[in-house]
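In what follows, chain A forms one complex with chain B and a second complex with chain C.
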Partner chain A sequence: MSTIHTVLPLIVVLPLLGAFSSPILDLISRKLKEAWILAISAGTLGVTGYVFYYVFKNGPLLYTMGATNPFGHANFPIRIVWEIDMFNALMALTVAFVSLMAIIYSVEYMKRDTGLEKYYPLILILELGMLGIVVTGDLFNFYVFLEIMSIASYALVAFRNDTWEGIEAGVKYMMVGALASSFILLGIALLYGQYGTLTMAYIAYKMAGHMTTTAKVALALLMAGLLFKSGSVPVHMWLADAHPAAPSSVSAMLSGLVIKAGGIYILARILFSIYGPSINVRTVGWIVIIFACLTLIVGNAMAVVQTDMKRLLAYSSVGQMGYILLGVGIGLAAYGSNVGNLALAGAIYHTVNHALMKALLFLIAGAVIHALGTRNLNDLSGIAKTMPVTSFAFIIGAAAIIGMPPLNGFASKWILYESSALFNPVIGAIAIIGTAFCTAAYVRVIYTFFGRPNSLTMKAKDPGKSMLIPIIILTVAIIVMGLFPWTINKDFMLPAAKALVNQMGYIHTLFAGGV
Partner chain B sequence: MRGQRPSTGREMEVDMGLIVKTMARVTIPFIGIFGAYIVMHGHLTPGGGFQGGSTLAGAGILFLVAFGLKEAEKKVNKKVYSALEGVGGLVFLGAALLGFSVAFFYNTLWHNGPFFNGKPGTLLSAGFLPIMNLAVGLKVFSGFVAVAVSIAAFRRWRG
Partner chain C sequence: MFGYWDALYFIFIFIVSFLLALALDKWAKKSGMGTKEKGEATKVFISGEDPEKEIKGFEHLEGYYTGRNVMWGLTYGLKRVFVVLQREHTGLLTDYVSYLVITTAFIMAVLLIWG
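Coming up: the complex of A and B.
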C-alpha cells in the first residue's frame, strides 16, 4: 500500500466532500463556504499534480475499487478499475487547474447573484465528473461520470434563469445531450453484450482476438454520441447556444474542459486503447478526419460573422475542436507511424493549450460583461483605454489561439500543420485556411478594443483582485508554455501520445495490477 | 386549463378540502412505514435507498398537496433540507472511506466487523450497504421534498 494508492482516490473524494458539505457550511457563513470550496479545489489540483508527477516518473498506474486487485477469485477482472497513463494524468491536471481558476474567478464574478447555494456544489460536481471520466478504466463507470458531468452542466447553463436565453439554451443542451448519452449507453450495452465485460483494457484484450460486427456497430454509436458531446460540426448547434448563455466562469469550464474531457479524451481512449489496430484504422481515421475538416472550417468561419463576443468565442471553440479532432484522425489513419504519433502529440498539446486559452478568453469576456453589462462587440469600442490589463490579456489569448510564434498555441498548431501536411497536403491546406478565418475573427475583436472609446466604455474599469488573479495566472501560463515548446512536446506530449497508441501497454497494466 | 375555473396562481397555498386531508392523514403514516421498510431492506430485497427515499418523499409531497404550501412551510425549512441532503451524501462518502486503508469502497465492515457482518440474508449483514442505503434514502427524501416545496413556492407564471 504505497502513498500513491492512498492519494489517488482523493481525486474524486475531495470534490464530492466539497459539494456535499457546502450546503451545511452555507448555514454557518458564506465567507467560510467560499474559503472551503477554494481549499477543496486547490487540494484537488495538488492531488492531480502529485498523480501526474508519479505517472511521469514511474509509468502507468492501476487502482482497483473495493479491493487490492481487479480479479477477486476469477481469472478475469470483475471490479471497477482506474487506469492512469501519461495521457489521463495530463488531462486530469489540466481539468483541475482550469477548474481552480474558474472557481477563484467565481468568488467575485458571482457575488451579486442569488442561488449560490446551488452554484458551488454544481461547479464542484462538474469538476468531479470530468476528473472521473479522465481517470476511469471502466466503460460503465465512465458513463456514470459522463452523466454526472452532463447534468451538472445542463443545470449550470440554465443557471441565470431570470432570462429566457439561459433556459432555452439549457433545455436545448439537455435534449441534445440526452440523445448523445443514449447513443453512448447503447454502444456500451452492445459491447457488454458481446464481450461480457466493462473493463476497457479487458475489452481491448478480447477484441484483439475476436472482432465482430456488433463491436463495429457499437463503435459507430459511441463515435456518434461522442462527436455530439465534443461539438463536432453537423451537430454543433447546441454548443453555440449553451456556452454563451452560461455565467462566464462556467463558460470557461464548458469550452475549456467539458467538450474535451467528455468528448475528445474518451473518443481517443475508445479509438486507440479499446479498438486500436483491431479495426481498419485507415477507414475510421479518415471518417474522423472528414468530420475534423468540416468542423474546423465551419466553426472558424462562423466565428467571423458573430457580433456577440461570447458567441464568437463559442464558435471559435468549435473551430479549435476541429484541429484536435484532425490530430486524432491523422493519429489513427497513420496508426503507429511517426507522422501519426506526431499528429496525436499535437492534438494532445492543443487540447491542453486550448483549455488554457479559451478559459482565459471566456474569463475576460466575463470581466467585460461585469464592467459594461453588454457583450455586443459594437458597444465595446475603445475598451483598451479603460481596461488595460484585461485588454492586454485578451491580446495574449487571441494571439495564442491564432498561433502567433512566441506563444503556446503556435507550437501545437505548428505540429498539427506539419503532421497533416506530411500525411496529406490537401488536409494541411484546409487546416491553414481554418486559421485564416480564426485570425479574421480575433483581429476584428482586437480592432474593436483599440477603437475610439464611447461614453459607455469610458466608465469601465479593470475588475477586482479575485477576477484579475486567474486572468493573470492564465496569461503567464500561456507565455511560459510558449517559451519551452519543444521541451514540453518531447517530455510530455509525445510520451502521452505514445502511451495512448501503446494498446498492449494498456492491456498489460491491467494484468500486471492483478498479481 | 381553458374552460375551468380561472387560475389565481395561489392554488398551492390553500388545502384541498376535508375529504383529501382526512385520507392523507390516514395514508401518510403507512406510506412512511413502507418507504422506511424499502430503505432498510435495500440489501435484501429489490429496492433500496433511492426507491425507498422516493416513497418517503411521496408522503411528504402528499402532505404538501393535501394541506397546502402554508401548512407545509411550517414543517419544512428549505435550507435545513438542503443541508440534510448534504449530510446524506457525506455519510455515503464516509461509508465508502471506511476501508480506505485497503482501497476506496473496500467493505471493511463486512470483512472485519464489528457489526453488519452477520449471515448473508439477515438484516444485519452486507457491511456498509445498509449504511449507504440509509444515507441515500435520507438524501433522496430530503432532496425531493425540498424540490417539491421550492416548485410550489417559486411558481412565477400565473394564469
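Coming up: the complex of A and C.
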C-alpha cells in the first residue's frame, strides 16, 4: 500500500479523533484542549494539502475501504469507494483551510461562552462531515456524511441557547433540513433500486445506456434537496435565519463551506459525473440556470434592505450561490463546449473565492459584535476610526465579493460574466444586475464604517491576536489570489472543471483502480 | 483568449476615464454660473445627511452619519419590488416546506416532460 493510501483516510480519521478526544482533554485543561484542536485541524489541512498535491501531480485517486480494489472479492462493486480528482481535492483543501481559520478565531471569540466542551467537537464533526462528502464516491456514504454535517450544523446554529433567535433558527433549519435530506435519501434509494449499486461511477456506467423514468424522478428529488442545501431561491429562507443566529465562527463555516460542500459540490458531482450526457443536459442546465438567476437577483436584492449586518451577509451568500449555480447550469447547458467548460471553471473558482471572502466577512462581523455587542448597521457608524485593521479587512472582503479588480472575486466573476454573455446575453445582463444589488448592499456598510463615530463605536477596538490572525490570513489570501488569476484558472480551475465534465474518466478511474 | 484578463486594460481604462472626468470638470466650471470653492458648498453630499449637523438634546438622532440613507434612490425606486420580496420572506416554517415541495414538483415535471 502506497503512502497516499495510508495518509488519505486521515482526512476523516483526524477530525473524528479530535472531536471525541477533546471533551476528555477539556477535563484536564482548557488550553491543552484548544492546542489539541488546533493541531488536529492543522494536521487535517496538511493531509488535504498532500492529497491535493498528489492528485495535481499524478491524476485521480481511488481508495476502497476494506479491500485492495473497488470490487473486493466479489466481481461487482460492494465496497465503499472514495474517488478523488482535481475538483474534490480542491474542495477538500478549501474546507480544511477555512475550518482551520474558524477554529483559530474561535479560541478568543468563544472565550466568554459556556458549553465549549460541546462546541469544539461539533465544529470538528462539521468539518469531518464536509470532508467526507467531498471525498466519497459512494452515494449512501455521501448521505451519511451529509447527515453528520447537517446535524452538527443544526446544533451549532442553536448553540447560543440563551437567546430565542438561535433556538428558533436551529429548530426551523432542522425541521425543513430533515425534509430536504429525506428527499435526497429517497432519490438515492430510487437509484439503488434501479441500478443495484451505490458506487457513483458504477451508477454512471450502468445509466449510460439505460436512462429510466425512475432515474429522472430520483434526479428531481436529489436536485430539489441539494438546491435547498445550497440555499437556492426559493428554498433559501432557512439560510437567512440560520446563518446570522449562529456564532460568527460557525457562520463563517456555514456560509463559506457548508452550502458548498453539502450543496453545490455534490449537486455538480451528481449532475456531471453520474447523469452527465445520459440525460438531456440542455433541459437540466436550463433548470439550474432558472434557479441561478432567481437566486442571484433575490439574494443580492434582499441584502440591500437589511439593517442587520449578519443577515445582510447571509442574503449576500444566497446571491453569490446564484453565480456559482449559474456557472454549473451553463456548464451543463453548453456541455462539452469551451463556453461550458469556462463557465464551470468560473463556478469552481467562485466557490473557492466565496469560501474565503464570506469566511472573512463573517469573522469581521463577529469581531464587530464582540467589540460592540450589536450587529445593527445603524449603530456601527464610524467604526473605521476605532477598528482600523478590521475595517481595512472588511473593505478588501467587500470589494472582492462585489468583484472589483484586482481582487480574487473579480477574476471568478469576470469568467462567469464572460461565459454567461457568450452563452446568452440576457443571462449575462441578469448576472450584472445581481452585482449592482450586491454593490449597493456593501457600499452601505462601507459608508457606515467610515461615518462619524458615535459614543458606542468610540469605545470599540480591534480584536486580539487569535481573532486578527485568521482575518489577516484570509485578507492576504484574497489579495494574493487576485494577483495571479490566469495561473490559478489555467492550472487549477480549468483542470478541475475538465475533471468534473470528464464522465468517462470518472468511470475509468473506478475500473482501473486509480493511481 | 476569453477567460483571461489583463490588468493593463484596467489601467488604460482608468487613465481614459480620469482624463474624461477632468475635461468634463473643466468644461463645467468654464460654462457654469461659477463654482463655490469655499463654505457649505464644498461639503460632500451623501444622501442628504449632514455629518456636522447637531441639535442640542437630539445628538443621538442627528449628526451621526450611519449609512442608512445611502442607496435611498435605489431602494425608493424599487420600493415595490422590495416590498414584494420582503412580504414573501415570512419566516414561517410551513412556507419553507411549501416552497420546497413546489420546487421539487417543478423540477420533476420539467424532467419528466423534457428530460
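Simple rule for what comes next: the second predicted complex is superposed on the first by the 513 of 515 C-alpha atoms of A that agree within 3 Å, B and C clash if a C-alpha of one lies under 4 Å from a C-alpha of the other, contacts with A are read in each partner's own complex, and residues count from 1 in each chain.
Quick note on the criterion: contacts are C-beta pairs under 8 Å (C-beta built on N, C-alpha and C of every residue); 3 or more make two chains touch, one makes a residue touch a chain.
Note that this is a predicted model, so its numbers are computed, not measured.
Annotation for the three-chain superposition on chain A: chain B and chain C fit side by side.
Look at A:R452: by the touch rule set out above, it reaches chain C but stays clear of chain B.
Of the two partner chains placed by the overlay, only chain C lies in contact with A:A220; chain B stays clear of it. Between chain B and chain C, more residues of chain A are touched by C.
When the shared chain is aligned, chain C comes close enough to touch A:M302, but chain B does not.
When the two complexes are overlaid on their common chain A, residue A:N378 makes contact with chain C while staying clear of chain B.
Touch criterion met: A:E117 reaches chain B, while chain C stays clear of it.
Look at A:S182: by the touch rule set out above, it reaches neither chain B nor chain C. In the superposition on chain A, A:N58 contacts neither chain B nor chain C.
In the superposition on chain A, contact of A:V13 is made with chain B only, not with chain C. In the superposition on chain A, A:R444 makes contact with chain C only, while chain B stays out of contact range. Our summary of the superposed model lists a minimum C-alpha distance of 24 Å between chain B and chain C. The part of chain A that touches chain B in the complex is made up of residues 1, 5-6, 9, 13, 16-17, 19-24, 26-27, 63-68, 117. Taken together, the chain B residues at the contact with chain A in this complex read 79-80, 82-83, 85-87, 89-90, 93, 97, 99-107. Against chain A, the residues of chain C that register as touching in their complex are 2-5, 7, 10, 46, 51, 60, 63-68, 70-71, 74-75, 78, 81-82, 85-86, 88-89, 91, 93, 95-97, 99-100, 102-104, 107-108, 110-112, 114-115.
Note for the complex: chain A touches chain C at residues 172, 175-176, 179-180, 183, 213, 216-217, 219-221, 223-224, 227-228, 234-235, 237-238, 240-241, 279-280, 283-284, 287, 291, 298, 301-302, 304-305, 307, 342, 345-346, 377-382, 405-406, 410-411, 414-415, 418-419, 422, 440, 443-449, 451-454, 485-486, 489.
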